[in-house]
Amino acid sequence: MSMNNEFKPKIVAFCCNWCSYAGADLAGSSRLQYPADVKIIRVPCSCRVNPMFILRAFEKGADGVIMCGCHPGDCHYSTGNYYARRRMTLLFSMLEYLGIENGRTRVEWVSAAEGVKFSTTMNEFVDKIRSLGENVRLGDLRCKD
Amino acid sequence: MQRLIDRAKELLASGEVARVLGWKKGDLGFNPEPSYFETAESLDNDFVYDGFCGANLSKYMIEASKKDGKTLVFLKPCDTYSFNQLIKEHRVDREKAYIIGVGCKGKLDIEAIKAMGVKGILEVSGADINSDCETLTVKTLYGDKEVSYNDAMLERCHVCKGKEHQICDEVMLDSRDTKDAERFAEIEKIEAMSPMEKFEFFKKELSKCIRCNACRNVCPACSCRKCVFDSNKFDEATKANVDSFEEKMFHIIRAFHVAGRCTDCGECSRVCPQGIPLHLFNRKFIKDIDTFYGEFQAGEDSETKGPLTAFTFDDVEPSIVTERG
Amino acid sequence: MKYTYYPGCTLRTKAKDLDAYAKASAKALGFELEEVTQWQCCGGVYPLGSDEIATKLSSVRVLNEAKEKGQDLVTLCSACHHVIKRVNDDMKNVPDIQSRANNYMKLPEPYKGETNVLHFLEVLRDRVGFDNLKKMVTNPLTGKKIGAYYGCLLLRPGEILAFDNPENPTIIEDFIKAIGATPVVYPYRNECCGGYISLKEKDMAKSMCDTIVESAKGFGAEMLITACPLCMYNLNKNTVGDVPVYYFTELLAEALGVKEDAE
Amino acid sequence: MSHGANKADKIKEISGVNPLKCMKCGKCSATCPAFDEMDIKPHQFVSYVVNDDIEALASSKSLWKCLSCFACIERCPRSVQPGKLIDAARQLVVREKGADYLKADEIPELLDEELPQQLLVSAFRRYRR
Amino acid sequence: MQRIGVFVCHCGSNIAATVDVKKVVEIISQEPSVVHCEDYQYMCSEAGQAKILDAVKEKNLSGIVVCSCSPRMHEGTFRKAAERAGLNPYMVEIANIREHCSWIHKDMEEATEKAVILARAAIAKVNLNAPLFPGESRVTKRALVIGGGIAGIQTALDIADAGYEVDIVEKTPSIGGRMSQLDKTFPTLDCSACILTPKMVEAAAHEKINIYTYSEVDKVTGFVGDFTVDIRKKARSVDMDKCTGCGVCQEKCPSKKTPSEFNRGLNNRSAIYTPFAQAIPNVPVIDRDACIKFKTGKCGLCEKVCQAGAINYDQVDEIVTEKYGAIVVATGFDTIKLDNYDEYAYNQSKDVITSLELERVMNAAGPTKGHLERLSDGKHPEHIVFVQCVGSRCNDNRGKSYCSKICCMYTAKHAMLIRDKYPDVKVTVFYIDVRTPGKNFDEFYRRAVEEYGVNYIKGQVGKVAPQPDGSLLVQASDLLDNKQIKMKADMVVLATAIEPEASVRGIATMLTASIDTNNFLTESHAKLRPVESPTAGIFLSGVCQGPKDIPETVAQAGAAAVKAIGLLAKDKLLTNPCTAKSDELLCNGCSVCANVCPYGAISYEVVQVNDHGIREDRRVARVNNALCQGCGACTVACPSGAMDLQGFSNRQIIAEVDAICR
């Protein structure tokens, strides 16, 4: 299907074990397609996602990072996603402030029942990253030469 | 200043305190540095408190808290926020501190004077805390020059949080209101830039960094026993590698680690040998926290939960960042 | 209080009454209808193809004028209201239409659906308030049994028009109560009168109008009121005419005692 | 691909409707005030589009009987809204030159005293390009 | 460096059809630290697991990666296999190449490439895995059932019969639920009360069952085996111990204008009331919003007439705190509001009613004493029209996207009962599809048509128009005849969609049980774990999980009970070993971790540490492994990286990130 020279973004998706990872499983068992560019890392809760992980991904060449968790109010651990929400809001705002295209990061709340939402979200996100192109700026932030 | 020395000697003599934490004269007239004083003589000989005593002594109280007996510490109004924050984090022992809140008429930045084109500086007078602090006389190799005190102040003094001590046992000396700029004006200016302009701006600034860690060492919020950048908790500890993740992201992560805890004391920018305006990172977080979660000033007290360890059910979604364009 | 006012073509020709009574009533109620400076016809129907832009521009022009004046936009004719309200919704919520329309318009500042579009009845309900209106009525139409005829354009699609419950509306009934008369509720008040079909398919329009009028009559209506010149035409033209049809503004003007001012 | 299929796609595009969402409940036909005048009934529009039989739809009487009263659009439980499909089909037809349902020369005899402008304008919009 | 064995599963053709498993094996074999790599048809099979055992022994493996289906499916299977082979079970990682790869991609090259990357990420993680050992926690041998309808009653009876204590919390004044409102039940036409009442009595009399009616769950803390629940017993204003249930108070109560909830608002009840005659407990409550005494301070008639002296106006809400090992949710359903469906004239005409309202009309204890009559004028109807799928199967923001499942059958029941009792009444049913999967269901529907002459018309109703003569004109389509029908009816009955009881949302939040967009509680696995919530210790009974009829509800209630019994039968539970752990040499003692911990699992103590030769007393964080649930909130809050999560450590996650981005 895809052309050889087509831009294939590297996209990391952090998914919480209880809702969004299960949502991704449901997308799978419902055969809802989304691009292979997305690779999922399972974490127990969105509050396990350290901003350092996200920056690390960018540093190692990721073009987009998305974090999915349970809907606010539905966190398996009651409150984890509320902390995650604040952390990610501030991190994303900082990245935007540094001039990084703000579409490269995203948070989406996906429940275990939302296989369709998972797949739609991933399709949208991949489209967005494709439209942004390769991630040059983040890798470039402190290159002296 | 003499009053401070007298009072310190008195407290030392009475045994109320075992040592004094203050500023000692440097080799030049404008580079005092933090120091312990354990005798009346050393106080008489070396103690100084003037416009160049910008250093925030709060962080030194972490070590002082481990020593026997109380330590007398001089804290400027803005330093007391850091002290409170350190109490909140159980890093200093209030019982081990005798705090004299000292007045402040704005602290000076020798780099600001140099930036005015003043070369060959030998001495600066007019920075005495007892003077009116309006004009400085700079003695140089090329003769005397007069500069306005305000023009020579540190950036942080222009956006001063106020001259009230948040915590202390007694207050000495008068202060002078120095706030003449909006705290977030610089941030707003950057926010208004195009993404490419922002990127170029920060790239230029961050490229100056030599990873000397001066910012980290001076920061009262960076008080970890061992910094994550020096431990192997996230990665192999390979500090030398300039290409590593930490090297690139050091400042973002550092700012994130102190977000909600940074009192905006401005020490990072003051000590940066490369003149990187590091406070722009921390203050951006402060501004965002104020906007998204309500105004919060770290160190205003020693109990309130920080904004990153709290939440409300209807906090803004991260998409607010993308939506605002 | 001043509103930007869009009369539309029919109110300048066959339905001058609808307009004149509205203006006189507005004055009596203490608000002013400031006519759009250079309006063009709204097109009469909402452009049905999602790919049409040109036919939406006259509405955008009107909407933008109201925005520049910082006023809400008031309409009277059901068709105009329908078209302008839906175009406004497109301009607010459909990025493609928004950007293409703005490309054509070349406005100093792009129009993004900022204007609030109100039907005259909504002004009465939401701004004046039917309770206040009731207090201002000098000549209540006590005893008159009136059926409200809504038609389709004011109510549907309910999600966008957001005018009233599209299946069981009450705004005109509440209006009727406010002017002192008795509303007659009948089930066909939100069914189509035939609309433009009556140009070529008279029989069809006739049967539809009959259903409406018969139902209203059956529930005891002595007269019908409407906001739409086309409904007015059809209901008059295509029925035997034993139930008279009025514009709601005429009864409003009458109740407020300003009917003569309008004539 | 056949000519018809292109037209079906065009109809889907213009209408913004996905006909596959239809569950064939018939509520549109239950609702339509012009049902009796129509040769192709509202609930049947969907299958004509799905089966690419646009020619039949384009030449149907129904195209000119639909009132655009939005009743089917309002009540459709599946967001298929056949009224939008018929409108799109009508658009396709009138956009093709010479296919106008209303000829300019037949207008005068249709007019009468009270006929409001609005009627003419909307009839023109619907019947002609 | 670990010695890792990688096993790539074909899952029949589920994986192998899209992922070139041989190629994956070929590439992965080259990875450093991989000493064994093979593929197999079904890794989860006995033979597949045997391959793991053999390889561990032969190659002395220290870690295992299985490239297969989701870890949510078979992580446990492979961990047990590893344990049998003598490895620590937590030395296993799963690369999900089915749900996250083969099933969602079509291009083989792409999918294979992705499978390799996912395998590499798992290998990178296993390289940093360390053996983990679960702790133990105790199990409180008592269950809580939320909701006292047929689902809750059945679950409680089954648990209690197994010998465990059960509490039922029911928010209305009586247990019984929706089933108590039904007149007859399909497909056998039993009288609903006749089969329900004995169950209610049995539950009330059971020595192991304790019923809290007029009560709600206020707060839930804890976790599987050890929940602590606050139950709010709302002030009944009647002393349960003194009341004899004589009913005089209800008779004498002068405030009789409150719509009866039990009769769906079709008639009124008094301010002091029991919802229905067979209520359990048979103790009334005072509706304080309706009671004249509470509104004005005057009246007090009930107190005067109560010979038992049971009326107590000063009662206040009482909070009871109990401990439970398992919680079963059985909150049931309600019908949707019909405000979005005014084309059916529900709000305009009293003769348009919902099916649940018809149950009350048909019931001898209902507002018409069981006589079929029009609610507007009490006249006997000649023609009744039933409309199916009102608000069900909609995707238009007005209704529900799902099929409510029970309507086809109860409509057939209603039609049949009416035709049976009143052969003169004509019955027409408008349907889109008639869905009758169930034992004896289709036969039941066919009887309605064939024996009772119910007129089924395929097509939906578009409008119900009340006529001046009081009749209703039903405008509908007959799709098979391609006609638009207009027929007169005297009553219209709407098969209204059902939705989960509104309070379930708050309960789900308290339980941290996941819930779908329609407010149905999510089951742990749609097929294999249909009565368990993904949250351990929470079980689902009845319609709160999805639309069900009575037999299905009772079956599921029993299943939920068995799952709860299985849990209660254990003395100890193994706890998740993936808990947080603090490195005391790095800990600042700053308390930030404790601030974000939802379980209060972190405490501080002063310990003497030896930090590279420096001995000093430090305040450091300690994690209580029995309380920690392993969310990881603390690990991100910790600025120094002292706090880490076992099984999902910083190094492990970063290794996965690196492997994916490399």
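Which chain is which? They are A, B, C, D and E, in the order written, and residues in each are numbered from 1.
Methods note: contacts are C-beta pairs under 8 Å (C-beta built on N, C-alpha and C of every residue); 3 or more make two chains touch, one makes a residue touch a chain.
Just so you know, these numbers come straight off a predicted model, no measurement behind them.
For the pair chain C and chain D, chains touching both partners: E.
Separation of chain A from chain D in touch steps, taking the shortest path, is 2. Summarising the inter-chain contacts, the pair of chains with the most C-beta pairs in contact is A-E.
The most distant chain from chain A is C, comparing centres defined as mean Cα coordinates.
Comparing mean CA positions across the assembly, the chain most remote from chain D is B.
Computed from the mean C-alpha positions, the centre of chain A lies at a distance of 29 Å from the centre of chain E. With each centre defined as the average position of its C-alpha atoms, the distance from chain B to chain E rounds to 54 Å.
In whole angstrom, the spacing between the mean C-alpha positions of chain B and chain D is 72. Chain centres here are Cα means. That of chain C falls 48 Å from that of chain E.
In chain A, the residues that touch at least two other chains are 51-52, 56, 60, 73, 79, 83, 87. Counting only residues that touch two or more partner chains, chain E has 343, 463, 596, 637, 650, 654.
Counting partner chains per residue, chain D shows two or more touched chains at residues 71. Every pair of chains meeting the touch criterion is listed here: A-B, A-E, B-E, C-D, C-E, D-E. The touching residues of chain E, counted against chain A in their complex, run 70-72, 96, 98-101, 103-107, 110-111, 113-114, 117-118, 121, 508-509, 512, 514-517, 522, 534-535, 578, 596, 598, 629-633, 635-637, 645, 648, 650, 653-654, 656-658, 660-662.
Within the complex formed with chain E, the residues of chain B that make contact are 66, 88-91, 223-228, 231-235, 257-258, 305-306, 308-310. Chain contact summary for the complex, chain E toward chain B: residues 583, 585-592, 595-596, 604, 611, 616, 619, 637, 639-642, 644, 650-651, 654. Partner chain B is touched in their complex by these residues of chain A: 51-52, 55-56, 59-60, 72-73, 79, 82-83, 85-94, 96-103, 105-107, 137, 139-144.
Across the complex, chain E is touched by residues 159, 165-168, 185, 187-188, 215, 218-220 of chain C.
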